[in-house]
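By letter and in written order, the chains are A, B, C and D; residue numbering begins at 1 in each of them.
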Amino acid sequence: MATDLCGIELAHPVVNGSGTFDAIAAQRAFGDALLERFPFSAFVSKTITPEPRSGNPPPRLWETPSGLINSIGLPNKGLDGFLAEDLPRLGELPVPLVVSVMGTSHDQFRRLVSGVAEREEVAALELNVSCPNVESGTIVGESPDETRSLLDAVRPLTDKPLIVKLTPNAPPVPVAIAAESGGADAISLINTLRATAMDPGGAGPWLGGGSGGLSGPAVRAIALLQVSEVAAAVSIAVVGMGGVASGGDAADLLEAGAAVVAVGTESFRDPAAGRRIASELSARFGLSSSG
Amino acid sequence: MSGKPGIAEQGPTLDDGRPLAPFGRRACRVTRNIASGGYRIFSAVDPEGPDPAAGQFYMLAAESGWAAEDGRPYLARAFSVADSDPEGDRVRLDFLVQGVGPGTGRLCSLQEGERLWVHGPLGRPFGVPREAVPGAHGAILVGGGIGIAPLALWRRRLAAAGVPTRVLLGFRDRERSGGLDLFRCSELKVASEDGHQGHRGYVTELLEVMLRGDDADGAVVYACGPPAMLEAVRLLCAERGVACELAMEAPMACGFGACFGCAVPLAEGGYMRLCVDGPVVRGADLATALVPGGGH
Amino acid sequence: MATDLCGIELAHPVVNGSGTFDAIAAQRAFGDALLERFPFSAFVSKTITPEPRSGNPPPRLWETPSGLINSIGLPNKGLDGFLAEDLPRLGELPVPLVVSVMGTSHDQFRRLVSGVAEREEVAALELNVSCPNVESGTIVGESPDETRSLLDAVRPLTDKPLIVKLTPNAPPVPVAIAAESGGADAISLINTLRATAMDPGGAGPWLGGGSGGLSGPAVRAIALLQVSEVAAAVSIAVVGMGGVASGGDAADLLEAGAAVVAVGTESFRDPAAGRRIASELSARFGLSSSG
Amino acid sequence: MSGKPGIAEQGPTLDDGRPLAPFGRRACRVTRNIASGGYRIFSAVDPEGPDPAAGQFYMLAAESGWAAEDGRPYLARAFSVADSDPEGDRVRLDFLVQGVGPGTGRLCSLQEGERLWVHGPLGRPFGVPREAVPGAHGAILVGGGIGIAPLALWRRRLAAAGVPTRVLLGFRDRERSGGLDLFRCSELKVASEDGHQGHRGYVTELLEVMLRGDDADGAVVYACGPPAMLEAVRLLCAERGVACELAMEAPMACGFGACFGCAVPLAEGGYMRLCVDGPVVRGADLATALVPGGGH
C-alpha cells in the first residue's frame, strides 16, 4: 500500500498525528524495537514554537466517554533547542520527517519555517494554525483570510511541502480553500475540538489550563465529515485524522477522500497502533481486491 | 548498559538501567484474582515481557468490557507491579488494585482466564541506596494505602540484594487496607488512622520517630502513597537531610512519553513527564509532591 | 429546585432538547403515566417549519462510540398542521410549552413566530438557527450578523420569550452576543455537531441524508465548554445541553453557568431520564447544602 | 379500549389495543440463557410490565458491560418478544437473539442473575385475521431466520384464540437457525437454503405453493424475516390478493416515537415511524419492505 504525499514516498498510508508520539521518549521505553518496527510511514514531530515552553500546569488530561481531553500547552524546547538536540535524532528515524510549527505572528512563523526548512533531515513542514494571531486576536485556522495571509508570508521561504493543519472548531472548507490558494501542498485535519471538564470535587474547571482539546473515537464521525468535505473542495492531498483506532476507521477516511491517515490518541492505548492499523488496512484492501 | 546487580539484571536496558518494554501491547492471561484487605491482588502471565524492576509500572486494560461505563474507561490505566516471578519464558506479574472508578472497578472484577491488554514495564525504577547516596547501605520503605504496591516488590529485590530494609505501612481504615500478604517475612511496622491495626495515626509519625533516632543514618527512604503522605515524607527527609525516592502518581494517558499529560513540577522550574522521568523521583528534584490531579 | 427561565416558572431545571421527545407519541406508548410523571419541567416541541416536511430518506441513524448521528431532516406537519393538530394536545401537558421553529428566510421566520406566538398554549419560542438563509447561503447560526438580523426581523413580533438555539459548528460566543444584542431572552446550546458515517459494506455514506448531527456523551465535553463560554459572555439565561445523562452532568452545566439543562439523546435510552436527572440533581444539591 | 379477546386482554391499552408500557425503563433479572440452533434464547423477569401482545418489542440494554466495544453499544437495542408468561405479578419474557454486532453479542453472553434495562412493550402488535380482513379465519405464519421470534408468540396466542394456523419457517444454514423449540406442537413446514433441514430453498417457495392452492382462502399471512423475504411475501400476497401483516425492522434509537429515526416509506408517500406505527405493518401500506439500513 505504498502512498505518495506531496511527492514524499510512504511505505503505507498511516502516519502519526503531531504531538501524539514522541519517538525519542518511545525509544527510551521500547529501545531499538521501535525503530525496527516503526509504526508510521512518516513521523510528524510535536509542534515546535519559536521559544521554549514548559506547557500548562497539571492536570492536563481528562478522560471523557470514548475520548480524551488534553490541555498540554505545547511544551517544547523552542526552535533552537529542537534544531540542536531533537532534529538530529529524529533524522535517524527510518521514515521521512515532517516538522510541525506554530507561531503567533507572521514573523514567528517565518523564523520557524525558514529555520526548519533549511535542514536536510526535514521532508515537509506542517503549519499548526490552531493558534491566535496576536496582532488580530483571531485564531488563524478559523479564518480563511488569516490563513491565506499566513501562507503568503511563508510560502516563498521554502520549496518543501507545506501541510496546513486545520482546526475543527470552525467550518474547515473555506479555510482549506484559502490554504490551497495560498500554495499549501496538503491539508491535514482534524486537530482537537475545544472542550472542558469540571472537577468532580466541585472546584471549578478540572484542567490546569482551563480548557483543552477533545480527541479519540468520540470525534471520529465529526472528523470523517470534515475530511470528506475538505477532500471534495480542494485538489491537494488531505491527511485525515480524528479517532482512528482500526483499519476500518482508516479505510473510511480514505474512502472519504484522504490520501493519508494519521493516528493520534489510539497510540496511547497501543504504542504499535500505527503498525496494526496499516496492516489491517492492507488486509482489507488485499481482501477486497481479491474478492 | 548500567545494570543494577541483583536488582534488575535481565532484558535489554537503557541509560538508567531500566528494563525495556517490548514494543506494542500484548494480551496477558489472568491467572488469579484474590481479595486482600479492601483491595484485590490479581496475577497475569506476560508471555513476552522482561522481569520488571521495582517501581516500574504497566498500562493495563481489560480485553473485554473496557469502556463499559458510559464509554469509560477509554484509556489504559497505570499500575505498579507489586510482585513478579519469571516462570520459564514468561513472567508472572502481580498487581494490587483499589477500586476507585470504572477502570479499577473492571480490573477488580477480572476472572481467571480473562485477558488483559498490557504495555510495559515502563518508567524509572527505584535505585539501590548506594546509587542514591554513595555509601548508603540501608533502606526504609514507607507505604500508604494502595501505595504499598511497588514497595512490596522493592522489598523483595532489596532482600535478595542483601540490603537491610525496614518497612513502615499506613492505612486509613479497614476498607482501604490490603496487600500486607505481599510483605511476608518483613520487618514491618503498621499504622492505621482508625486504629484497626498497629499504631493509631499516620505512617509518617512512625517515620518521624525513626528518622529522629540515629538508626536512620546511611539509609535511603523509599515512599509511595497519597500525595499528602508523599509531601510529608519529602519535607521530613529534606529537614533531616535524608535522601528519599518517591513513587508518584499523575493522570497518564500513554505511559511512554507520548502525550505529555503526566506533568509533575520540578524544583528547578518546568515539568517532568512522570511516566518516563518517573514514576520514581528523587524528593530533592520536586517542587512539590502535591500534584493537582495526581491522586485521591 | 424551582427555577425561572425568562420569567417562566419551572418546577426543576431539567427540560428536553427539541426533537428528542414527542410527547404525543410517548403518550401512545406509555399512556397517562407519562403525564402523571412528566419528565421535564417545560416541554420543547420538535422544530416546526412553515410547510410540512416528510424528512430525510432512511437510514437516519448511526451509532458512534458513546454517541448517535441523526439525519432526520425535520419531518413535521408544517405550521398549519402543527397549530391545528398538535398544539392543542401539547397545550394539555402539565408543564409550560416552548415551540421550536426554523425557516430559511426572514419571511418564513416571521410567519412562524407570529403564527406560534399568538397562541396562548405557547409560553416561549425557540429559534432553531442551524439552517441556511436561502438568500445569503450562510448558516444563520454560524454568523453573528445573520443572527442579529434575524432577531431584528422577529423580535418586534412578540413579547413572549425568544430563545435562540445555537449551533456548535462555529464558535458560538460572537453569535450569542449578537443574539443578545438583538433582544433574545435566552440562548440554548448545543445543537448537534455535523458528522457522518460510511456504509460498512463500502457503499458510500451510510445516512440517507448524506450527513447528520452528532449528540450524546461523545459531545458532552464540547458542550460544557461552549455553554461555559457563552454563559460568561452574555447576561441572558442559558439553556445548556449536550450529552447530559446524569445529575452530575447536569450539575456540571449549571456550574458552568447554565440556568436550565436540557436532556436529548439520553431520553432514548431511558424515557424517564429527565425525571431521574432532576432528582439526582436535587439529591446532589440537598447533600451539598447539608454537607 | 378495543381489547382483542383472547389475545391481549390485560393491562391498560390505547387506540389499537396495544398494551401500554410502564413509563421509563426498569431493571429485569435474567433467569436463563440457552443455545437454540445458531441463536440464543434468554429469559428475563419483568417486575412491572403487562403481558405483551405478539409483534410488540422491547428496547434492551445490559445493565453492565454495555458500551464495552469501543464505546458501543451506546443505545438500547430492539427485540421482539418471542414468548411471554405471566407469573403472578410478574411476566417472564423470552427473547430469541442472533449475535450480529456489539449489542446482540453482549446480550448473547448474558449470565443468569445479570440484569437488563428494559423499556416496553412497544409498538403495534399483530391483529387477528378477522381484523385484517372481515371474515378471515385462518393464519399463515412465514418466518425467516431470526424473524421467527415474534411469530412464536403469535402462534401461541392464535392457538389460544382457536385460530387455525399454519407455520412456514426458513433458515439460511445451520449457523443461522434456531428458535424451532419455540414452535412446539405446531403444524410446521421448514425450508433451508443449504438443505440442512426441510425443503432446500426459500421459505417463500413454500408460501407460493400454499397460496396457489385453495387452502389460502380466508387466511391472513403474517411474516417476519429479512427485508428481501418480506418484500417477496408482500409482492406474492399482493399478487394473490391475500392480506398480509409484516413485522419489520429499522434502526431504532428510542422505540417510542421520540427520535423519528425508524422511518419506513409509505405507499401513499412520506414515512411512518416503525416503532409507533409498526413494527407490524400491513403489506398494502408499504412502498417497499426493502428499507435501507433495515436489516441484515
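Going forward, a contact is a pair of C-beta atoms (placed from the backbone, for glycine too) under 8 Å apart; a residue touches a chain by one contact, two chains touch by 3 or more.
Model, not experiment: these values are computed from the prediction.
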Item to check | Chains touching both subunit C and subunit D | outcome: A, B
Item to check | Chain labels contacting subunit B and also subunit C | outcome: A, D
Checklist entry - In terms of C-beta pairs in contact, which of A-B and A-D ranks higher? => result A-B
Checklist entry - Counting in whole Å, what is the centre-to-centre distance of subunit B and subunit D, each centre being its mean C-alpha position? => result 55
Next on the checklist: From the mean C-alpha coordinate of subunit A to that of subunit C, what's the distance rounded to whole Å?
Outcome noted: 34
Checklist entry - Cα centroid separation between subunit A and subunit D, in whole Å? => result 49
Item to check | Where subunit D touches two or more other chains, by residue | outcome: 67, 70-71, 74
Checklist entry - Going by the touch rule set out above, which residues of subunit A reach two or more other chains? => result 62, 64-67, 216-218
Checklist entry - Given which chains touch which, is the overall layout a line, a ring, a star, complete, or other? => result complete
Next on the checklist: Can you tell me which positions in subunit C touch subunit D when the two form their complex?
Outcome noted: 19-22, 24-31, 33-34, 37, 46, 54-68, 70, 72, 75, 206, 208, 216-218, 265, 267-272, 275-276
Item to check | Contact set on subunit D toward subunit B in their complex | outcome: 64-71, 74
Next on the checklist: Residue numbers of subunit B touching subunit C in their complex, please.
Outcome noted: 67, 70-71
Next on the checklist: Considering only the defined contacts, which subunit C positions touch subunit B in the complex?
Outcome noted: 65-66, 217-218, 245-246
Checklist entry - Can you name the residues of subunit D that touch subunit C in the complex? => result 12, 14-15, 20-25, 61, 67, 70-76, 117, 119, 122, 250-265, 269-271, 273, 276, 291-294
